[in-house]
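Order as written gives the chain letters A, B, C, D, E, F, G and H; numbering starts at 1 within each chain.
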Amino acid sequence: MNTQSVRELLQKVQSGEVALDTAVDLLKQLPVEDLGFANVDHHRALRQGLPEVVLGEAKTPEQIVGIATALLARSSNVLITRVEKEKAEAICESLPQLEYREAARVVASRDRRIDPLGNSPVAIVTAGTSDIPVAEEAAETLAACGASYERVFDVGVAGIHRVVRHIDLLQRTPVAIVVAGMEGALASVVGGLIGGPVIAVPTSVGYGTALGGFTALFGMLTGCASGVSVVNIDNGFGAAMAAFRILRHREPVA
Amino acid sequence: MNTQSVRELLQKVQSGEVALDTAVDLLKQLPVEDLGFANVDHHRALRQGLPEVVLGEAKTPEQIVGIATALLARSSNVLITRVEKEKAEAICESLPQLEYREAARVVASRDRRIDPLGNSPVAIVTAGTSDIPVAEEAAETLAACGASYERVFDVGVAGIHRVVRHIDLLQRTPVAIVVAGMEGALASVVGGLIGGPVIAVPTSVGYGTALGGFTALFGMLTGCASGVSVVNIDNGFGAAMAAFRILRHREPVA
Amino acid sequence: MNTQSVRELLQKVQSGEVALDTAVDLLKQLPVEDLGFANVDHHRALRQGLPEVVLGEAKTPEQIVGIATALLARSSNVLITRVEKEKAEAICESLPQLEYREAARVVASRDRRIDPLGNSPVAIVTAGTSDIPVAEEAAETLAACGASYERVFDVGVAGIHRVVRHIDLLQRTPVAIVVAGMEGALASVVGGLIGGPVIAVPTSVGYGTALGGFTALFGMLTGCASGVSVVNIDNGFGAAMAAFRILRHREPVA
Amino acid sequence: MNTQSVRELLQKVQSGEVALDTAVDLLKQLPVEDLGFANVDHHRALRQGLPEVVLGEAKTPEQIVGIATALLARSSNVLITRVEKEKAEAICESLPQLEYREAARVVASRDRRIDPLGNSPVAIVTAGTSDIPVAEEAAETLAACGASYERVFDVGVAGIHRVVRHIDLLQRTPVAIVVAGMEGALASVVGGLIGGPVIAVPTSVGYGTALGGFTALFGMLTGCASGVSVVNIDNGFGAAMAAFRILRHREPVA
Amino acid sequence: MNTQSVRELLQKVQSGEVALDTAVDLLKQLPVEDLGFANVDHHRALRQGLPEVVLGEAKTPEQIVGIATALLARSSNVLITRVEKEKAEAICESLPQLEYREAARVVASRDRRIDPLGNSPVAIVTAGTSDIPVAEEAAETLAACGASYERVFDVGVAGIHRVVRHIDLLQRTPVAIVVAGMEGALASVVGGLIGGPVIAVPTSVGYGTALGGFTALFGMLTGCASGVSVVNIDNGFGAAMAAFRILRHREPVA
Amino acid sequence: MNTQSVRELLQKVQSGEVALDTAVDLLKQLPVEDLGFANVDHHRALRQGLPEVVLGEAKTPEQIVGIATALLARSSNVLITRVEKEKAEAICESLPQLEYREAARVVASRDRRIDPLGNSPVAIVTAGTSDIPVAEEAAETLAACGASYERVFDVGVAGIHRVVRHIDLLQRTPVAIVVAGMEGALASVVGGLIGGPVIAVPTSVGYGTALGGFTALFGMLTGCASGVSVVNIDNGFGAAMAAFRILRHREPVA
Amino acid sequence: MNTQSVRELLQKVQSGEVALDTAVDLLKQLPVEDLGFANVDHHRALRQGLPEVVLGEAKTPEQIVGIATALLARSSNVLITRVEKEKAEAICESLPQLEYREAARVVASRDRRIDPLGNSPVAIVTAGTSDIPVAEEAAETLAACGASYERVFDVGVAGIHRVVRHIDLLQRTPVAIVVAGMEGALASVVGGLIGGPVIAVPTSVGYGTALGGFTALFGMLTGCASGVSVVNIDNGFGAAMAAFRILRHREPVA
Amino acid sequence: MNTQSVRELLQKVQSGEVALDTAVDLLKQLPVEDLGFANVDHHRALRQGLPEVVLGEAKTPEQIVGIATALLARSSNVLITRVEKEKAEAICESLPQLEYREAARVVASRDRRIDPLGNSPVAIVTAGTSDIPVAEEAAETLAACGASYERVFDVGVAGIHRVVRHIDLLQRTPVAIVVAGMEGALASVVGGLIGGPVIAVPTSVGYGTALGGFTALFGMLTGCASGVSVVNIDNGFGAAMAAFRILRHREPVA
């Protein structure tokens, strides 16, 4: 309910078209409704072309099928993250309009209608091959948002020349997503090479002192390149959403 | 050294203007120099109008004066962060072109020439009054970068209506910086209200289970609003730099 | 053994009805017995209509059947918490007077006779759908105590308007149980909205920096709404018991 | 703004007493205002006779005097917690209507007008003498809320008979606050002795494996008496507020 | 090799019975041999009637059978700790002179010849039923050492009167082993009731803030009864050995 | 109150010497009184010749003087631990019957009458010179208990031969106290050399990964010599009390 | 590309043998190429006779076979670490030129041509039998590098004489690798016995306070023998590579 | 005592020159003496030209002067680490043969006679200027050992080209010491550039998630360049000793 609809309601009260009690009832719900409205409005804008996302982890195939069926009723663009292969097959058998993208461990709509954002490609950079599933989750999320991206995989710190080789792409990207486990130093290296936004994703790759991703997380947060920001461990989806928040606001408002 | 200057050097070798040994020496430095050049170039671009920043913490006044004197020789825009009052006074006495901004605990150039970025104001949001020094550090850093900003202070989660009051500013801001200690939940609330980029800064405000800022940090990283990204505890400077990375790339390339 | 029975015993000693040695033996047990009596008394009062509770986790079906058989001999109201489905089926097959409530992962008496407490409903509030099993454990425990409750599920912080919609129920509830994982911020929000008792239950929902529930736990403890108190991670049973301690004392002593 | 005032506004619109545009403006602010109103209303109710509380820690005497002066303008009942002696003396010199209660490290109004809650005394129980400052902070907070209380100090677990001696008081109290450091076991002991609400406050008393209060905190949360709930380390104020939330709701609504 | 045997060797050198080179070789090994001898001697003494102990955890049945076969060749008293049922059955099938004691998760010699130590029974006290396997491991270890013991099970802190009931046994025991998980407070209670040695064993019983036994461990170490000492989490074997170290030294040297 | 006194009371009831009501009152207090009696009795036994101990840390000189004055009224044997020099001087000036033992950071009675225990000396072993204050605290506590001891200082693991040199003393000691920081390995070495009781005290000596004593603590608990038990970090007093618990029980009961 | 090849290129430019544009293109790639070249060169040197190493953990047999096939095309010396038996069998069935070394959990080339380094044997020392797999991983890595080694297994701290027995080997070794779990003290003991390089490997052997290898890690880092350096938990491969870095540099450069 | 001296002793026993009892006494001390001898011998070798080192931290000036006086009596080469300026001045005033090297926070002998090792310079590399004190401690330790070194300071990861510029020195160094705080990634970068030994020293530089050096420590241990080994946080002395262990063994034995 916006200014215009409030004005119209008041006019109807003035004209007697709406009874006083009815108007009071309608307005009594305003605090919540309007706040909800604001959010819904924002969400609607936010969701324009956005996937309906479900965290698949720790849900049974039955639960996911139930939720996905409901979502598919209102959207052609559904994305289910963190789904193991076996579970994915059970889901896709029930809902043939979905398909499994194994590298990213996501189930996504087979035919989705998304307006492309028209952005320069987001650079998705990984340190090692084990970081790829998280990077692919970011890639699939960007794809489901209509954003283009480019992969720069396996360019970790111990072979620093490999990342330098991609400097042109990195300096042109509207936002770089850097995915790295173990010490997570690649985020600082990329942050030092480029001036644009860098979103770092620590991964749980490694053992012992890798601490399941916390060493990468802490290293990225305390890294020496200013202005690198970080999302949760293994959270490729979150990194893509952080990138999408930046991309959407780059669009001319006109 | 770019393509053009390499071509010119080779032409001079061809023409005999430059001796072979001299050229070899020049080119031998290329791997580093050129890499350096790339970085320097990037840095030069990055630094256009940027402050020369010094982390003041754990340095003596003498050390800071020494470094600042060197920086002031090449820039009118120096920023020294994390400086306690007493130390700041010693510095400003030696270098009267600097002044102390106590609320932000920074020493900055009195007269600096900065081209304004012309951005819509960055919203700097804090949960409580104790988060203000970190927020002011972000504000001073943005100011030193030529970026405009607006303060939305003291709008923490327990009085949720206070943040809602600023929804217009928040929905227009090109990037929101959310500064919060204790549980750090304000980042999720703001991330749920707006669709643009949100940079969260956990602060070390609180005691006991606040864990010196780690509870806020972990809460922000695991928060339920997608795409909020986070910087180190109390790192107002880093949040401003993350915002600046976004702002710079919003500028039309033309 | 209370004052009256001690007096009677002494009278019997005086009258010779009880031999001195017998009385000494009886009284020798007093320190413990009486203390035990106090406790038993308190326990008896406490247990009036209360379930006999068994923590099912880490016990074999055989062990649980053994314990439950003993308990069923003296109570119609048995509650076994944290029971996986397969284990539950084995138990219920042996003891048909029990049934499995899967959503709460509890096995409970099919027919139990409980005097209702007659309280206004306890509000059980959850942030997300994954918090529901813990909330249902609280609900089943309250039910087994004769307390009424109402579910307010899936009203997490990123959509703050959803919790506001239930403000009437929340402000009337004698005690609110707030169940939330990840950052756990919902406890502060509810604590800020209402003036009555709030018991917060952190859940192990989330990954990475959610730290298996510790981030929610620490966030709830350091949250900005005064007077919210907290129980162990995933401890829906404990939250219900904390609520029951409050409800029982609300009853007029008459 | 409540139903009645909305109705009156609409009537004035109907009667032409208030212009349509003015009404729209007033109602446009409703979402926030009304939400604010709800909170304010709740807060007003909550604050009836409640102290205005300031966390004195990490604030300068000047800052506290400034805040306290503002608060004293609208309330005779101000409470400033966590104030060291020297700081307190500076404050009380500026504001002679305040006085320092050293044992609780609080500064409080000398003459405050509080309606007594009329409750049976809250039992404040401590394990050792070092826990007393936290207990006194709880006591002063209760006093400032108009609640009565009784001290049961120095009854720690290693001398279990000492707590048993106070069993009558404990079983009659509407809510027990148990303050203990080191292993924090007293909370379980009290929780086992009584059936009413128990709020446990871990303290930072101890060294080495006491972990600054975390061992007590974790012990209290995992303790074997069901339904004990816990607040942050050293948070005597929070425990008193949790007790007050219970006490207020015990009052007959009539 | 002791003083006497060195003297005899030297006499044989003097008498020519042993060649100089042979003696040098024998003595060259002395530093190690003798040190080894000291240890072996000590070990022999220590092992008089002691079981040969194998940590069964993380070994395959084949590995354990191999080791046990070797040990059975030189001892009738073999003890294998931390063996799951299935593994135990495989072992006992191969080595019928061994049998599985399931409650303690140990495999032990069926017929062993142990000189009884003749001690008053060691009290083995547990807080809850889940602590029993660890307590039984201690019991089996004591039995294999020839020490007598008595079980005092399920006397946790929330029902403090239960432990008081056993005060006579506790005050007579030469050493008490207290086994408790969760908050581990039983160690302090027992330590406060008796004046003799108390060995506390934290167990990994509990969830969430029980921290897999660390809360019990830290609580026991910081507990308020002086002179309670602690062994590793779940280490019933170690507690029994600590008790045995005390028992052996209590024997009159004569 | 023991069996005999209960019998006498009953006889007096029988004879009419004590009124029924008086007897009921006396017996009503039994649960607590008797339990208290048991404890007091035990405590009296425990305290025979034992020091009255005060933890001086975190108490003001005034507080300590107050407590010590009270204790000196009933005992000639007072021990105040963890007292810094300056504080100690203030105390000893007020109470000239006390003196400061700086090496142990304790204040103790100048003239105390203690019955010697007559034990073989307790070996107090330290790894490095920085562990000495903790060792001296143990030594002073033993002295105040009437126990004899011998120092074996500075025999850390990196020079293993140094501890071997004291093997005779170590093998004869009724109990060894091993004080070590950093890795804490000395406890295992001593535990491997001797068969008697070993109490290990981790110290907070070291930096970085020494973790303020936790590395030593964890190392001692997981060490490879069976039956070594451990007390809290820097807790020399606790180690001495654990030794004293063993020594007292070694005395012939006769 | 080195000085000589740059000089030759310039000469060809001078002589017209190479076109200016071609030379520019070649030189434009220099920054990266040359840096890459430097690394490749270094890597080539480093790899002379070195195994191509794959971390087998968390890869499927199919993935490993794919990678190994590629590596076998260019090297006869392939090493795959951290491979469980079942996985290894699948790999070796596909690639019969590989074989499984179960004790070290590695798959390695059956016939590899390695120039022996000709070093004195590296001493690989373990504390217990459970540390052997990590030690064997180090052994296999050294073997694959052409380095000789000798095993000194099962010489833990509690039987210190066992390590002393091998003092000759230890004092002659060019570098000692010490593998130990639990408290990890063996590293200090060896570091105290010898003057040459010591590389310590903490293992995840142990339970409870062994903290999955962190207690050993921290103990080794804070150990009292100067100059012992440490690698990640269970990282036998890394320790061997650290040794190999030392061995290669010991070779006369000639 | 070596083989030869044992043989001579036996000959003297044979010849009667030494009495049997005397020989027994001498030999009885062998186990320790000889072991001690081995160590002493090794230590003597190890110490040839080595500084006598004292950890100055947590010692009073008086204590240090006492220890240093004793050491100066037998060595011209004394090194006292971790000494603050004020303390150093007090020491040097008492012992004018010592001088303070402020950058390294060490006190060292003014005139020491050290045989130079004749090694190629050890490269000491730091990431930032704040790491320099730790690097200087390493430098001073190397100097006191007679080893030459070269500083490569302030070449952190965010400006990767700076370290590349020193590649020649790094590839020639017999061992590189890499000193870095915050994320500690420089160790991996250097480890990837060179094939020789790399000793990494994490520093406590940084705040928040730098965790006082633990993030750098864990990052270095889990870093992606194989064979980098690590010492304790801020342990410049230990890194130099690890380097010295390598350098000594590089010397031709001849």
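Quick note on the criterion: a contact is a pair of C-beta atoms (placed from the backbone, for glycine too) under 8 Å apart; a residue touches a chain by one contact, two chains touch by 3 or more.
Keep in mind it's a predicted model, so treat the numbers as computed, not measured.
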Chain pair showing more contacts of the two, B-D and C-D: C-D
Distance from the mean Cα position of chain H to that of chain C, given in whole angstrom: 60
Whole-Å separation of chain centres (CA-atom averages), chain C against chain F: 41
For chain D paired with chain H, centre-to-centre distance based on mean C-alpha positions, whole Å: 56
Multi-chain contact sites of chain B, meaning residues that touch two or more partners: 31, 35, 38-39, 159-160, 164, 192, 207-210, 217, 221-222, 232-233
Inter-chain touch pairs (all): A-B, A-C, A-D, A-G, A-H, B-C, B-D, B-G, B-H, C-D, C-E, C-F, D-E, D-F, E-F, E-G, E-H, F-G, F-H, G-H
Chain D - residues contacting chain E, complex: 127-128, 156-160, 164, 182-185, 188-189, 191-192, 206-211, 215-225
Of all residues in chain D, those that touch chain A in their complex: 3, 6-7, 10-11, 13-14, 20, 23-24, 27-28, 30-31, 34-35, 38
Chain F - residues contacting chain D, complex: 31-32, 35-36, 39, 57-58, 204, 213, 217, 232-235
Contact set on chain B toward chain D in their complex: 130, 159-162, 164-165, 207-210
Of all residues in chain D, those that touch chain C in their complex: 35, 38-39, 42, 45-46, 53, 164, 167, 171, 174-175, 192-199, 217, 221-222, 226-233, 237-246, 248-250
